[in-house]
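Just below sit the structures, each encoded as structure tokens.
Each of the next two complexes has chain A plus one other chain: chain B in the first, chain C in the second.
On to the complex of A and B.
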């Protein structure tokens, strides 16, 4: 177990190194410099001063080693676009907002997805299954920005039920949470449904039933406990999905989180900020995937974490 | 039946209860002018006037500071903190007399030293102070002290003669210096709060400002809240209790939130509002706004001025506006001069008083063909050129219209695109034959545009003409009165557009805003600066 953990951490660090390096060089391949603005002429003297200040006059390898050295010290540099703002201060400000919405969406996705999955797997009524299939299909196939805009127009502009800006009250959470979690809900529903159906046909379920165990106990204790394993494994990718989903949802609902910040940093060609956010989000994804693996191993004795 | 009665009573009771709750919520603002909610674009920089080069930061700062001068809606310079000023006859010394009663939000008097500190801090700030050249280009001793600590600065020709008088010494006469002094680098700054070379201090609500509002809270990614400054010199004219500025980069989100009433003013909306809000009172087009969309030539690649003129005469600007679907927007207009509308000229607007009347190189494909024939170009030997632009829906549409119009006079034009940064680099390096350009104005004088083609303003000098350089120098001779100067600048512009034909002006435009009908007294100047100092919000 210790050996396995060490190996996973080393793998994660290696992945981070590759991610950082590739992102760095990809951005340096783009010619020109990030200070040119449309509709504005920057005097040559000032441009030279900027290039010097941000170290863009050095060779790319020098810039790379400087960046890596600072990164090891935990210093991700300052923004090119927002003068004097450190990347870490921007992450510190925006990440909690994303985490707040993400956790709500995470909870809603799991609860709603698993519930719909159970209902769908066990219900013998055809119309129940049809409704769930429609929801699941919409959730998987319609892009979240379209769902977001659609809900904004319907529930915000037309029906005036929900506000559209920010996350200041519980009511503000409703639309962004739906926009963010509809796709994972659909995925979890399908996962739970197929897995539960499989499990319910296993011999040990028949055995439990034949022993006269109550139906509800059979479903929860024997069926669900085993059927939820794939859902737990999915929690890692679910979190990365929520992070990438936040790019669209946060911009649409004017939520001051890391997703909206990422979109703006790309629009502004704020290279240091793009780098910093990519590293931070990459780290999140790697850590949560690792955690999901550990949790699956803990609940399922059949899974052995071998080094 | 009994049940129905009960139900009705219950329904009436609940309606009354709900409306009671609603009344309670709305009564807060009864004693003041209310809080205006304004959506800006992307998040601002730190609210430090020295580094505020973007419209969002300035959109907030213009409501926090009372500067030396501002522009009115036509681009004329208006005295603000300056009550009167004199310029010496050689044009080298400016003496500014500050208005009495100008106070900081903490009640202290605004002094000449505060302005001197603000200027020197900008001068010393370093590379990120985008407009330090407004200081170093003009003020004696400034360039030598660039980037230094204020304590180490020596001989900067910007001094406080007494509490209320500033003296400025210029390197050379500059008839449009006052119009440059509107910039944030000239704002007064409190030396006891603002540190040098850094900006994070500026987002502390404790920092005093001297404008109609003062900062009360800010989240750099979400919103800035400002409240009325009771110590403002004209506080009695300010009606709003405060303004909430929201940072919303998504244009659709702004439009939808405007429709729900969550925001009163949307300053970052797409051109689709020209159609969706056509003829509705909410659509405000702040005209004039200074920007010119133009084609520029590389004279080394297209050496004959007459050929360049022929290429200009092939352009039907009306078709361009139709293709962009903005013909009837009321915001776009065909541009014939290099200087667009919104910059004051001899009597009125510089652009409309000459260029828009003369219409140099107006659409005339037959004349264009004749010129090309004279230079030996015909169907079997067509002129072949490349038009270069950066990728965007607008630029692509415009380029395609150009291509077909140039094809109509027998010119074979290849379209070339690149990523915006590559394009900018190539364009300033002169690696193009014909390219697109557009420029907004950092100060409102014809020189902001005309100076672009001065040999010394380009690095490398893609276009250079000694006669043109001299025409500009002659126009800016301090001995000229305003009318003479404008006449000479008009001549220089005609020489640039009509004779040298280095540029083909295409169109100018103004930005659309969505403003609730409950809001009155919104102000915008031609540089794009918006202000809410005397805005009223009807309840």
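On to the complex of A and C.
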């Protein structure tokens, strides 16, 4: 376990290093710097001061080592557009909003996905399976942003059931959560269904039944415990999907979170902010992928033997 | 009845006709076999059995035909405005209605489809080339090279590809070519993994050894023997990439950081309707339906292709 953990952490750190390096150099090779776009407005003297402030007069390698050093200290520099705003303060302001919505969506995805998966794997009724298959197919095929805009029209404009803007009351959570979690729910349903069906055909399930164990106990203790492994592994990609999904969901529903901030920064060409947010979100996903791997390795001893 | 009469009776039943040679077509009368089919015919027959997949295939084929032929079929142009006829509801004249500049929505959707579908298919093609070459080299050589190549794949895989796509778009500008480049550079990893796994198991089989023994070169063994035998999983992976690419493109364009006018894909068209979703919801529906139905059809095709090329695969 120690060896596996060490290896995985090393791999994660390396991925983070590559991500920050790529992001830094990509941002630097974008032609021109943001201050000469409309530099008629900025006097030459002030311009020089700005260039110095952002360290743009140094060589690229110097800027790179400076950036990496500061990054290790948790300092990501200051925004190009909103001068005097540090990237860290922007993250501190927006991340909790996204985290709140993200956690709700995460929980809903897991609970609903696993439940639907169990129902569909165990139900003998044809219509139950058909309904679930329809939901799953729609969830996988219809992109989250289209679900979002569809619900805005249906529930927000036509039926006026739910508020459309912001994230201030529990009712505000309903539509964004559905938009974010419908496609993960579908994936988790598929995963749970196929793996539970597999597991329920194993010999040890027959053995448990033949010993007279209660049906519910067989399903939960013997079946589900083994069937949930792929779902745990999926939690990493799930976080990644929620991060990407937050870009569009937050812009659609005007939620002041990190996803909407990221889209804005791209639109405003706020390079330092883009860089900071890309690195932050990338690190977040890498860390969660790592955690998901650790949990599945802890639950399933076979994984660390392989890795 | 005596023994002798029994023999006589038997002798009477045997006549000359029994010793005639069989007609040619009767010779295999007891030979049990199904009709011999080529790989392609066999797969197509299995694909056809899946009604949803067939419907998806027909939809996509019709769509491709419409998208290609729209300049010939329609009297309207992509940017022709009718100022007196703005925000019109669907009618016989404009079957999807017109937008806020009086442009025919159907024609615009079809032109948008050109971009969306082209990006979907072209990036899948590029992914196929990168993924197959990368995966088969890693799988065939194995050892340290494989370990290094696969770690690189893991690193690309561990970060949401959307982030890389956005970075590449920022560097190369918001046009169709950089979108294609961005999607192609980030989404070949699943293909590479799939091909590597296939090549690794296939290279242990006798036919690969036989090819090596008769002196076939490494690249010949890789591409003529191993990759060809992995064609089923490769095609399955390929069909899943097209909707993925269309999704990525429309996602970014919808948020407003992908393609921008004049190259209006479905995502861009959907984005343009975001301001008017409460006043003219009907205009939102067209691009949304175009994206949904296309991705749905492509997913159905993907399922059908999966069953057709990997009959052993478990249905989930």
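Keep this in mind: the second predicted complex is superposed on the first by the 285 of 307 C-alpha atoms of A that agree within 3 Å, B and C clash if a C-alpha of one lies under 4 Å from a C-alpha of the other, contacts with A are read in each partner's own complex, and residues count from 1 in each chain.
Convention: a contact is a pair of C-beta atoms (placed from the backbone, for glycine too) under 8 Å apart; a residue touches a chain by one contact, two chains touch by 3 or more.
Keep in mind that what you see is a predicted model, and the values were worked out from it rather than measured.
Using the contact criterion defined above for the overlaid structures, shared-chain residue A:15 touches chain C, although it does not reach chain B. Shared-chain residue A:30: touches chain B and chain C both. Using the contact criterion defined above for the overlaid structures, shared-chain residue A:268 touches chain B, although it does not reach chain C.
Shared-chain residue A:166: touches chain B; no touch with chain C. By the touch criterion stated above, A:294 is placed in contact with neither chain B nor chain C. Contacts of A:64 after superposition on the shared chain: neither chain B nor chain C is touched. When the two structures are aligned on the shared chain, A:4 is found in touch with neither chain B nor chain C. By the document's definition of touching, of the two partners only chain C reaches A:141; chain B does not.
Look at A:251: by the touch rule set out above, it reaches both chain B and chain C. Overlaid on A, the two complexes show chain B and chain C touching the same residues of chain A, namely 30, 149, 152-153, 157, 251-252, 263, 267, 269.
On the side of chain C, the complex with chain A involves touching residues 151, 154-155, 158-160, 162-164, 166-168, 170-171, 243, 247, 250-251, 254-257, 270, 274, 277-278, 281, 284, 288, 291-292, 295-296, 299, 314, 316.
For chain A in complex with chain C, the residues that touch the partner chain are 11-12, 14-15, 18-19, 22-23, 26-27, 29-30, 137-138, 140-143, 145-146, 149-150, 152-153, 157-158, 190, 193-194, 197-198, 240-241, 243-244, 247-248, 251-252, 263, 266-267, 269, 274, 278, 281-282, 285-286, 289. Chain contact summary for the complex, chain A toward chain B: residues 30-34, 36, 38-46, 49-50, 52-54, 82-85, 90, 93-94, 97, 149, 152-153, 156-157, 160, 163-166, 251-254, 256-257, 260-261, 263-264, 267-269.
Taken together, the chain B residues at the contact with chain A in this complex read 42-43, 45-46, 48, 51, 53, 126-128, 130, 132-133, 147, 198-200, 219-222, 246-250, 252-253, 256-257, 259-260, 262-263, 291, 390, 419-425, 438-440, 442, 452, 459.
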